[in-house]
Every structure is written in C-alpha cells, then in structure tokens.
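To keep things simple, chains are lettered A, B, C, D and E as they appear, and every chain counts its residues starting from 1.
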Amino acid sequence: MAKRIDVNDLNVYYSKFLAVEGVSINIEPKSVTAFIGPSGCGKSTFLRTLNRMHEVIPGGRVEGQVLLDGDDLYGAGVDPVTVRSQIGMVFQRPNPFPTMSIKDNVLAGVKLNGQKISKSDADSLVEKSLRGANLWNEVKDRLDKPGSGLSGGQQQRLCIARTIAVKPDVILMDEPCSALDPISTLAIEDLINELKNDYTVVIVTHNMQQAARVSDRTAFFNIAGTGKPGKLIEFNDTAAIFSNPEQKATEDYVSGRFG
Amino acid sequence: MAKRIDVNDLNVYYSKFLAVEGVSINIEPKSVTAFIGPSGCGKSTFLRTLNRMHEVIPGGRVEGQVLLDGDDLYGAGVDPVTVRSQIGMVFQRPNPFPTMSIKDNVLAGVKLNGQKISKSDADSLVEKSLRGANLWNEVKDRLDKPGSGLSGGQQQRLCIARTIAVKPDVILMDEPCSALDPISTLAIEDLINELKNDYTVVIVTHNMQQAARVSDRTAFFNIAGTGKPGKLIEFNDTAAIFSNPEQKATEDYVSGRFG
Amino acid sequence: MTANALTSKSSTSGRAGDKIFSGAALGAGVLILITLFAVAVFLLIQALPTFFADPAEISGGEGFFAYIWPIVIGTVIAAAIALLIATPIGIGVALFISHFAPRKVAGPLGYLIDLLAAIPSVIYGAWGYMVLAPALVPGYEWLAKNLGFIPIFEGPASQTGKTMLTAGIVLAVMVLPIITSLSREIFLQTPKLHEEAALALGATRWEMITTAVIPFARPGIISAVMLGLGRALGETMAVALVLSTGNLIPSLIKTGNQTIAAEIALNFPEAFGLRLAELIAAGLVLFLITLVVNMIARGIIARHKEFSGAN
Amino acid sequence: MSTMTTNQSNMAGRPTPPVRKRNSLAKGKLPKWAIWAIAAGAIIIGAAASTLTGFNVASFAIYSALIFLVAASVITSAVEGKRRGKNAMWTYLIYAAFIVAVIPLVSVLYTVLEKGMPGMNAHFLFNSMNGVTGAVDNESVANGAPVVGGAYHAVVGTLLITLWATLISVPVGMLTAVYLVEYGQGKALSKAITFFVDVMTGIPSIVAGLFAAAFFGMILGPNARMGIVAAVALSVLMIPTVVRSTEEMLKIVPNELREASFALGVRRWRTILKVVIPTAISGIASGVTLAIARVIGETAPILVTAGIASQINMNVFANWMSTLPTFIYYQILTPTSPTNIDPSVQRAWAAALLLIFMVMALNLLARLVASIFAPKKGR
Amino acid sequence: SDSPTAAAGSEGAETSAASGVTGTLTGIGASSQNSAMEAWSTGFKAANPDANVQYSPDGSGAGREAFLAGGAQFAGSDAYLKEDEAAKAKEVCGPEGAFNIPAYVSPIAIAFNLEGVEEINMDAATIAKVFKKEITKWNDEAIAKQNPDVELPDTAITVVHRNDESGTTENFVEYLKAAAADVWTYDVSGDWPSDIQSENAKGTSGVVSTTTSTDGAITYADFSAVGNLSTVNVKVGEDYTKISAEAAAKALETATPVEGAAENDLALDLERDTSESGTYPIVLVSYHIFCSSYKDQATADLVKAFGNYVISEDGQKTAQASAGNAPISAAIAEKAKKSIDGITVAE
C-alpha cells in the first residue's frame, strides 16, 4: 500500500546549523524517487526527515511540513514510532544487530516489537525477505550464525532484507548499494523495480547510472559552500534530469563536469 | 619510490576456513591494479594479505609467498610493522580517529614515526594531503574540530588524506570511493592517476567503470559458491579484461550478465 | 485534513510502554539523588554538635579543624599511594588481557584478577599484617638506609612493617581489580576499525594502543580510577588492621598517620555523644573530599568531550 | 605474458624473482634467541648484584627484572630503532604489570587456602554456630577433637542479604544508567545524577550502614536490625558501581544499532531492552559482578544493620543475621574462646575461603549469562 | 544444622536457671564480653528453650548509645553510665533510670615477648616509663634492679598499644595514672595518648598477635587472651603480684561504690593504688546496664531471668569456662541479685 509524500518548505537544523533549506517536493506513490548531489549537500539529512529519524540526532529538528497521504508527520500527537513503522529505512553503512543471528536480524522488526509470529510464518518471512535481498542462497545454511560474520556486502543485503520484512508503505534507502557488488546491486535494483509496484521508494545514490536505471523521478541537491545549507536545485522526471536539465549546475553534475 | 609485488600460490585462511585459494599474481610498480569480483569472493581478504593486515583478524593466516621487490613479506624475522609502513591501506568504511582533530588525523601516521615535525612542515603536509584527497576546501576552517563530525564522504576522504600523508611505497585501497560522491570520486581517481607516477596502487572496486578508468591491469576474482574459497580467475591488462576476456565468467561479470 | 491518520494509528499501549520505561529510568535516577541527599542530611544532622562544641571538648582539645586535618592528609596520602600503584598496573593488566595475552588465556586471566575484588577487606587486612607487612620490613630497612634522606623514607623503619606504605599497597591491591576489569571491558570495545586504521599506518602495537585504544577509553579509564579512588578513600577495615596508626608524619615507613575511614572504624564502637558526632563529621569530610576529587575528574572528562570515542 | 589463471600456475607470467637471501624487510631485526639471551644475562647479573647486597629472592627478582627491562629495550632500540625499542619496553612493562598484579593475588589466595583448607569440611559447611561457646572450643582443643561449629548460618545470611541488595541495586542502577545514556543526554538532571553517583562511590561503608540503620530506625523503631536493612545499606554502596559500569558499557554501543532499530519502527524502550542492553550485556554483567563482589565482603555496615547471630535465620524481614564477613570479623577479633583462639582462627579462614568460592561461582555465572547474550563476534 | 554441638552431646537443661520465660532479649555492647555472652546465651537458652538472647558486640559506646536510644534492652559496657548518660536513660527507662551491674571481671595482663624470659617484676613507675618509651631497652637499670635473678638481653623494647578506642586501654592508663602519677601525666581515656608514637594494632587479638611476632615487644591485654606471652608481675605494696583470677577478684573487694549512685546501681570505683598485697590492681570491670523498669511484663521477666542467670554461680562458672574471665564475688552477686529483682514494669 504505497503512499505519497508531500514536503512543504522544509528547513532542517542541527541545533543552530541550518543543514537543509526550503525544500518542497512531491514524492509520488508507486514510484522510485532518487536524490543525487555532491557529498555533504544534505541528502541523508533530508531523507531522514521523511521518517523522523533525524530526531534521533541530538539537536536535529525541522521547520515545515511533511505530509504522508495528507497526514502531517510532524502534526501534534503524531508518534514517530508510527511514522517509522510505515516508512522504513536502509542505511549507508550496514548495521546488522551483532547479538542476533541472521534469521533474528531479518525478524528484528517483528520480534523486537513483541509481535507473536508462528514458526512457519517466521520461516517463510525470513526466506522471502532474504530472497528479495538476493542473500538467501548465500546464508540459507547458516541462518543461526551471527549476522556480523558476513562480508560487508552480505551485511548490507541483510539490512535490506530486515527492512522489507516489516512491509512498510514507503522505503527510504540511503546509498543502499554503495557497499555492494554489481550482481547484488543489480538484484537490489530489480527488487526496487518490483517494490515500486506496491510501495513508494526513495533512494539516495551517488551512482548516476543507478539513478538513471532505477528511478522515475530524480531530485538534485546542491550546496553553495561549506557551512551553507543544502538546497533542492531541480526535481523532475529522471529522463529530463539526465538528458535535458533545466539548471546549469544539474547539467554540470550529471555530466561529471561539476567542480 | 614504487615497488613491485609478486604473489606465489597464496592461500588465506580464517582459522580452518579457506577463504582464498592459490592466488599467484604480479603487481607492477608505478601502475594501478584493480581487483574486481562479486561480494564475498575474497577481494578484501586477499588485499589485506598484501600488507599483513589479515593477521589482525583472529585466526587469519596465509600459506605461500608475497614478495615486495623480492623480499618475502612473510619471511622469518620480518616485522609486520615494517611491512605496513611501506604498504599503506585505505579501508572500505571510513575510520577517522574519533578522538583526534581533523589535522591530527592527517598527521596520525606521520607522528608515529616520532620524528619531530616543524609546525610549518606539518601545516603544509596537512594542506597537501587534504588537497590531494579533495577535502581541503571543506575543512580548512575547522582543522581543529573532531574528524567524526564530517559526513561519510568527507570522513573517507580524510582517511585517504591520512594514508597518503605517510608516503608509502604501495597504497592498497579497499573500495575507497564507495562512500563518495562523483566529484570526490573523480578527484580521487585523478589522485590515483597522479599517485601511480610514484607509487604502486592496488584498488578493490565494485564499480566496473572505475576499474576501467583508473587501472592499468585488472584481476577478476570469483567464488564457486558459499563456503568455497575465492579464486583468481583472470588477470590481464584492463583493456583486455573488459574488451576481450579469456574466461567466460569474466565476460559474464563485466558485462553484467553474471549470476 | 482534520483527522491525522497517523495520530489515531499509534498504539497507545506501546506508547505507554515508552512512558513507563522512561519514567522508571527517570525515577531511578531521582531516587539516587534523593538517597544521596538523605545521606548528606543524615551526616550533617549527626555531625552538627561537633561544629558548635567548645574546641577544648573536641579530641585533641584544639577544635575540629586541628583534629581533622592530619587525618585528611593521611587519607589523601593512603589513597594517592594506592592509586599511584594501582592505576598504571591496573591499566597495564587490562591491556595485557585485552591486547597482549593470547585469546585462550586472556579470559581466565581476567577472571583471576576479578577474583581479587571478591576477597573481603577483613581478609586483606589480615593478609596485610600477617604476610605483607613482615615481608616488607627488609625493604623498608633498605629504604631507610639508602634513601633515608628523602623525608618519606626517613628511618628508623617500622619493625612490624605496619606502615602507611603497607596500607597504601594493600589498598592498591584492593582497587586493582576495579580499575582492571572496567578498563579491560572498555579496551575490548575499542572499534576494530580504528585499531586497524592505526596498524595500517604502520603503527607498532604500542603505538596502536596510544593512538586508537587509550584515547577511546580515556573517559572510561578516568571513571574506573574514580571508582577505585572511592574504594581507597572509604576503606575501613583493611587500613584499620594493617596500619600502626599515629600522628601525621612525612615518613611512610615509620609508625604513624591515620585515615578518616579507619579513624571512624577504630573509634566508632566506643564512641558516644560528642565523640560520635565528631566521627560522623569526619565521615562528612570524607564525603566532601570525594566530591571535590570527582569534580576535578569530571572537569577533565568534559574537556575532552568533543573528541569522545562514542559515536 | 598476458592472461594467467591460477590453474595454469605462473609459468606464463613474468618469472618470479627468487627470494633474496638477505630479506631487506627483515633488516635490523633482533633474532628470536636474542631476547632469551638477554633474559639469561639479566638473571645472572641480577643474581650477582643481589648476592653483593646479601642475597634474597625479592631483590634478585627486582634486579633481574630491571636489568632485563632496560637491556631489552635499549638493545631493541639500538638494533630495530627507537619506535620498536619503545614498543618492546612497553610490552615488557605490561607483562611486568601483569606479573606484579599476580603476586599479591597468589599470595592472598595461597594464604587463604593454606589457612582455610584445614577447616573446610562437611561439618563446617552444614552447621551453624548455635550453642558453640568458648567451653566447647576449649574442650575440643584439649581433646584434640575436630573443631565444632560452622558457617552455614553465615552463608545463608550472605546469600540472602546479597540477593536482596542485588534485587534492589541492579534495577535501580541499570535504569539510572539507561536514563543517563538514553534519555538524559545533555540535561542538567542527568549531569547532576552522573556527578552525584560518582560522589556516592566515596561514601564510607560504615556511613552507609549507619544511614540505613537510622532510616529504618525512623520507620520501624530503634531496634530494627534485620537482613533487609543490611541489604539497603549494601545497595547504597552497590548502586554507584552498577550505574557507572552500566553507563560506560551503554555508551559504547554504536548509535547505528539504535538507529537501525528505530528505523524498523521499534519503540525506544524495546530498542533499549532488546538491542542496546544485550549488546552491552557482557560488560554490564561483569560490572554487576564487580559490584556484588564489592559489597559481599563488607563488614562494618552489616554489623550495625543486621546484627550478629549464631543460629540460622532464613528471614530477612525479622531477626538478626550473620554474613560470612561479619562471621570472619568476629571470629578473628573476638574469638569464641579467648584462651584458645585456634578453632576461631580456623573457622575464620575457612569462611574466607568459602566466600571466595562463592564469588568465584558468581563470577562464572555472570560469564555464562554474558556469553549467552553477548554480541556474537565470530565472523 | 542448627545444633552443631549435638554430636558432642554436651550440656543439658539440667541447670537451675529454668524460669519458663519466653521472647527475645537484645543486648548490644562491649566486644570483650562477646565470648562470655555466647556462653551465657547458650546456657540460658538451654534452660529456657523458648527464650533467646542476642548480643551484638558493637562496642561499649555503641552499646550504651543503642541502649539509650531504645535499640537494646540491655547494654554490655566496659564502663558504667556517665552522668549525662544516666540522665538520658530516664527517657527510655522511666524516672528511675538505668543501673549498672558488674557482670564480668577481667584482669589486664602486661604481656611481653622476650626470648628466654618467662616472668618479670615491675613497679608502676617502671611500667609507666616503659609504655612512655622512656625506658627503651630490656636490660635497663630500672628493670634489672627489680629482677636480679633474670638475665635480661640487650633487646629494644617495642611498645604495642591498641589503636582502637578501648576499655582495656582506659583501665590500663587509669591504673598508670593512679599508681604512677608523676610519670604518667596524660589524661585518662580509651584512646592511647597520641604523644606516644609507637606500634599499635586493632583489638586484643591484634596487639597479642603483633606482640607474639615481634621479639622485645610488650603490650597490655585481657589476661584470657595473652596465650603464650609472658606476663609482668606488678608491684603492689611491698610484693610483686602475679596475675590471676583470684588476685583480680580481690581488687573488686577493695573497690568503692561510685559517689552519688542510686541504691540499686552497683557501679564501682576501683582503688588502683591499693597497697594490699595479693591484689592485682589492673582489672577491668564490665557491666550489664539494665533499665529499672520495662514497658511490659514479659520483657521485665526475661531481663530479670537473664540478669540473674549471669550473676548466678552457674552463670559465672559458665563464663569463666568459656571466656577465661574472673568471677564476681559472692557478696557482689548478692547485691546484684537484689537490684535485678527490683526491676519493675512501667504502668
């Protein structure tokens, strides 16, 4: 059940430091939206405001509105936990739970919340999620081994499996493939393509080809200089961004001429 | 002062698990050698044996020979510390020292040598290294702030700056750009191109374009299945690997048809 | 949109869980503050008569200050000796277990050292005067003979070995496991990433420890030392049994000196009335010493906060 | 010389240069035997020096160690360079630190074993001191009969009082640490708690006992000595250790893990209970063990709160109780028979040994708990 | 098991103390009484299976403090109640206040460890000088003069004193002050004079063990606890008195009631400088302190029964067998019984 996200004039602060300024953007349901832009321009920061994960960072706060199917994420009485269980997130660095086995890592979202789940349901959920993350074949014989014993790429795929296991409405991915090999990347990209049939997907990526391959719409963020806030420069259909950008900065960036 | 590395029939174990088997390879001085291959095939593992960093992992050990300009790294009486100060390494995950300022991070390796370094020399070394890593402009105003306050990409560039500051003979890089934006990546690639005038560079990458762009020779590793050891499948001039591979597996992999 | 679907959906029970848990956490913290406050009030009320008494009535006959300061100094000396010995050795042992000893023996070794923490102070006291003190006598005689010109080693050395230095050593043995086990746990938690970063730069093991391990663990080490200090300052029985007490003197190898905690333990049973108030006032002073020392330690940690290893 | 696969060996490749006889990487490295040679030299010179000043084992050991340390560092320094010399020096120093720490440990354990073993028997373990008077001891000494009376009542008291103290301190201490690390970051209250918890570590144990006695005296009247009062007194001593060690352990749990859990829509309290605490459990367990060990040997606060008893009392809410430390204390300081102190001394040391065994068992238990929940490190 | 002595099969309920009382009696006080108290408690319980006496040897001061606060029904103390304490006792014990009963007499030995020397004679002034560290060698003229038959070595004297506040110290220095006033100029207190810097240890067992392990050491300690140490014969009148229970009991007979004490109060002032030969003047009288009236009948009965048992011949013998102290004389026991029987119940 995909949902749309509408952001109105959002500012994000770390304490007093304005990290992202004046972003307004509409993220369509059942589509993939890519955020691109140079390092430090606030892609991760902005992405985190979409499921209130920025609140976890001391001093992190926003001004403005983020609407999930018209419901303000920041409305009075909204519980961030509700928000996050509907809007899942995959991080830049793989972070499996070190105390848990591979299987328990996949089931973490279910089990940690104290929901009861039958063994057979659990097993099928684990298999389905791991297959979705293209990890099943590599780990099916060691589901009870610790997740931290996997290689970097394997760990990241485990984290993706963990996130899709809770079946959120929206999935945010912060450079999910930056530690993956092309095959896994391809599998994830395929997966994203499948996911968008049901979910809203937002992905931050440094890989322009990836953005071009997987996304329907692309947002380009940029930063004027250190200490300045990051801004949304251009937001359009992916094809338009890559073939026919409106802004000079966008064109420079996507063509690798940026400096 | 670049040096060549010759590896003869190397096996790498984690305790009893044979992770990499029978690798023989010659790495030319003043050139860039790229390792490619699917996740988990042992690229990182093999790379670490080139400066004995695998010994840090409990149970990590090798059989075989690694010669640095004819000197066996694993010869009797060889101190790994000597090896590592001649063969530097940049890791997959950025790991600046959290307790040090940006400046001290850059100087960390230099200071180890205990030689007194004058303040002006230190300053110019810091600037040079940070410029080399394309980070200078972003951090020049906060050299005394902790390195952990930077964004992921900034942190990784800081680690590269730290490694080149000690001027090793060989530089090993384990997916150094996987957390970097295209501009930084480009800068690093340029840097690698410069470095190879003086140094031997070995780089692990998932990005085939990157391998094609920066490397002179490319090694393709593969793994037959989980629990099987990784092997060197093909090693040749980069152009040959990408345009005219001898092995079917290589061709499948570089064309993205693999799996 | 009037009704925000996100608000209605939130499971109230889950939220209550959060509230209860954070409330309990807060409550526990406040309980500690209240307890400590109550202890302070208790001490203050009980000690009060001391401060209003005629100075001649106080032990020693010259008022509370004259009574307390020599044993304050004694307390500080004993704790200082203990920490001077135990801190480097404790950190050394922790490093040995975390970074030097082969993995197979490291665990059992740590366990062995932890055992030291389990031995009751009475036993340390008994061991101190039965085994340690006599064994140290020749050493003290040597010190008095060869280094006697230094005031702290001035002779003639005690014939029983029951001196301040012995007490300090016993205290050091007692705080050693505290410092060791806490530091060890923290050393073991040093991120592998940072250790590897240092090693890859060509650091020797020791250099790796100074660049990656120690800075990361610094606040933890300071806490561990503070915990040890707490024990060293407050230890009663062992000092009472080991030390041949007396007036404040500079020499550490002669009979003399006294600590607050031992003074309380030795005199409490027979104390009543004003004497009791005096001893409790001494307890209050001990409390204040701890307060000041901790303030200093906090200050040191806070200064490095920005560069803390966490996160 | 283009393509080469491992299977084809390296014949097709550039011929590998032969290994050089003189490995330049091994240059300036002390041969392995050198360090043993230095050790042997140090021992010989140490023995000589010690003999000059009148031989004894301590000075021999000290001289040899010092000579070895200096010589090994200097020689390594000269041959392998300053940095490695420094590394060698610190390595030996750290080994030395360990050896130095082991000496008192062994000495104390040996003393306790030597003096405690004779009294360790079933009679001692399973009997109280009820009815054992000086006359009984005098008689058994006169007849050369085995010592009568045991520590069973004190074991019971120790277990019960420590259990209750743990039941009070561990939840309070851990919750406080959770507040400090997870909720209170940067708040004034949390700063105050952190600070005063440190101050609390400096409360002399006797003061804790007097405080608990006064507190319960206020509620229950002046005669309120019983196990639970002692447990509260011990809690005052235990809590700071629990808080401090738990806090340190929670702090080093990477934020990434918390974020991963939050992002799965897991509530904070569940995140803390199921992700943060399990990740830190090994450290917490050893902290708690340390805290228990710290108080299980306390004497002074027990005396004023639980009194002393020679019979078995299983109820912490009524009547006086002995613990092993108070038992030891009184057996040593006021022997049952002043004229024949040997039976009392034997009981005291046997009780000390018993106490050490108990803490050892506790330690093992904590380790077991830790290893069950601890992060699975095996990559 | 809670009856470790069962196998040994000692003691029965054949004693005369049976009086059918029930309940728990709590006493707190002098640690020196601990051994005797264990014996009394055991003996009393054997006769009165439903009664229990618990005693915490926290120290005399702590015992009096607890007693005055109502935390104990009786106190054991090395010193009788001081005036202000006696006044305070009226708060818990009613208008009649509390009273002291001598329950325990113990001679304080001057014990030493000198190889080959079993016995030594000293007068009060010599003892004072030794403990003041004015005499520092065992073969000092002053000692040698009094011991013509003993071969004294040229060993240094190491004085070992108590480092905890103690009734033993107080009684010992009280003797020195009384019998050698011009040498011993310090105030009498349970603390050793801080001007005399010397070796010291905690508790009787501490000084005894330190002395035992140090050649040339001398200390003062409860006679029952001196073990293998040699003792000093103290000059009283013209003779040197060897320490013994009988000689100590004699000291009690020459003692006088404390001035202004109530009729039922048997607090005694000892005549330390007595010249009556055969008396050993360095003794410690340890008291039981009771209330003149208790709140309820059961407690009063229990206190009376126990108090009477302690001073009974049987009780004193039991204590002597266990703790090695000296019994109180029959005359004092008689007076004590009268006082104890006078305990009433507050209405």
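By our rule, a contact is a pair of C-beta atoms (placed from the backbone, for glycine too) under 8 Å apart; a residue touches a chain by one contact, two chains touch by 3 or more.
The structure presented is a predicted model; accordingly, all values stated were derived computationally and were not measured.
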| item | value |
| --- | --- |
| Between the pairs A-D and A-C, the one where more C-beta pairs touch | A-D |
| Superposition rotation for chain A onto chain B, Cα-based, multiple of 5° | 180 |
| Distance from chain C to chain A - Cα centre to Cα centre, in angstrom | 48 |
| Centre-of-Cα separation between chain D and chain C, whole angstrom | 14 |
| Averaged-CA centre spacing for the pair chain E and chain C, given as whole angstrom | 39 |
| Mean-CA-position distance for chain E and chain B (Å) | 83 |
| Overlap residues in chain C, where contacts from two or more other chains coincide | 14-15, 18, 130, 204, 207, 265, 268, 309-311 |
| Overlap residues in chain D, where contacts from two or more other chains coincide | 83-84, 86-87, 254-255, 267-268, 270, 332, 379 |
| Residues of chain B whose C-beta touches two or more other chains | 81-82, 86, 93, 112 |
| Chains touching one another, given as label pairs in label order | A-B, A-C, A-D, B-C, B-D, C-D, C-E, D-E |
| Contacting residues of chain B [partner chain D, same complex] | 6, 8-9, 14, 21-26, 57, 65, 67-73, 75-79, 81-83, 86, 112-114, 231-237, 240, 246-247 |
| Of all residues in chain D, those that touch chain A in their complex | 185-186, 254-268, 270-271, 274-275, 278-279, 281, 373-379 |
| Partner chain A, residues of chain C touching it in the complex | 1, 4-7, 9-11, 14-15, 18 |
| Touching residues (chain side chain B, partner chain A) in the complex | 37-40, 44, 92-93, 137-139, 141, 150-154, 175, 178-186, 206-209, 226-227, 253, 256, 258-259 |
| Residues on chain E engaged by chain C in the complex (per definition of touch) | 31, 58-62, 64-65, 78, 84-85, 158, 163-167, 190-191, 194, 197-202, 206, 209-210, 213-214 |
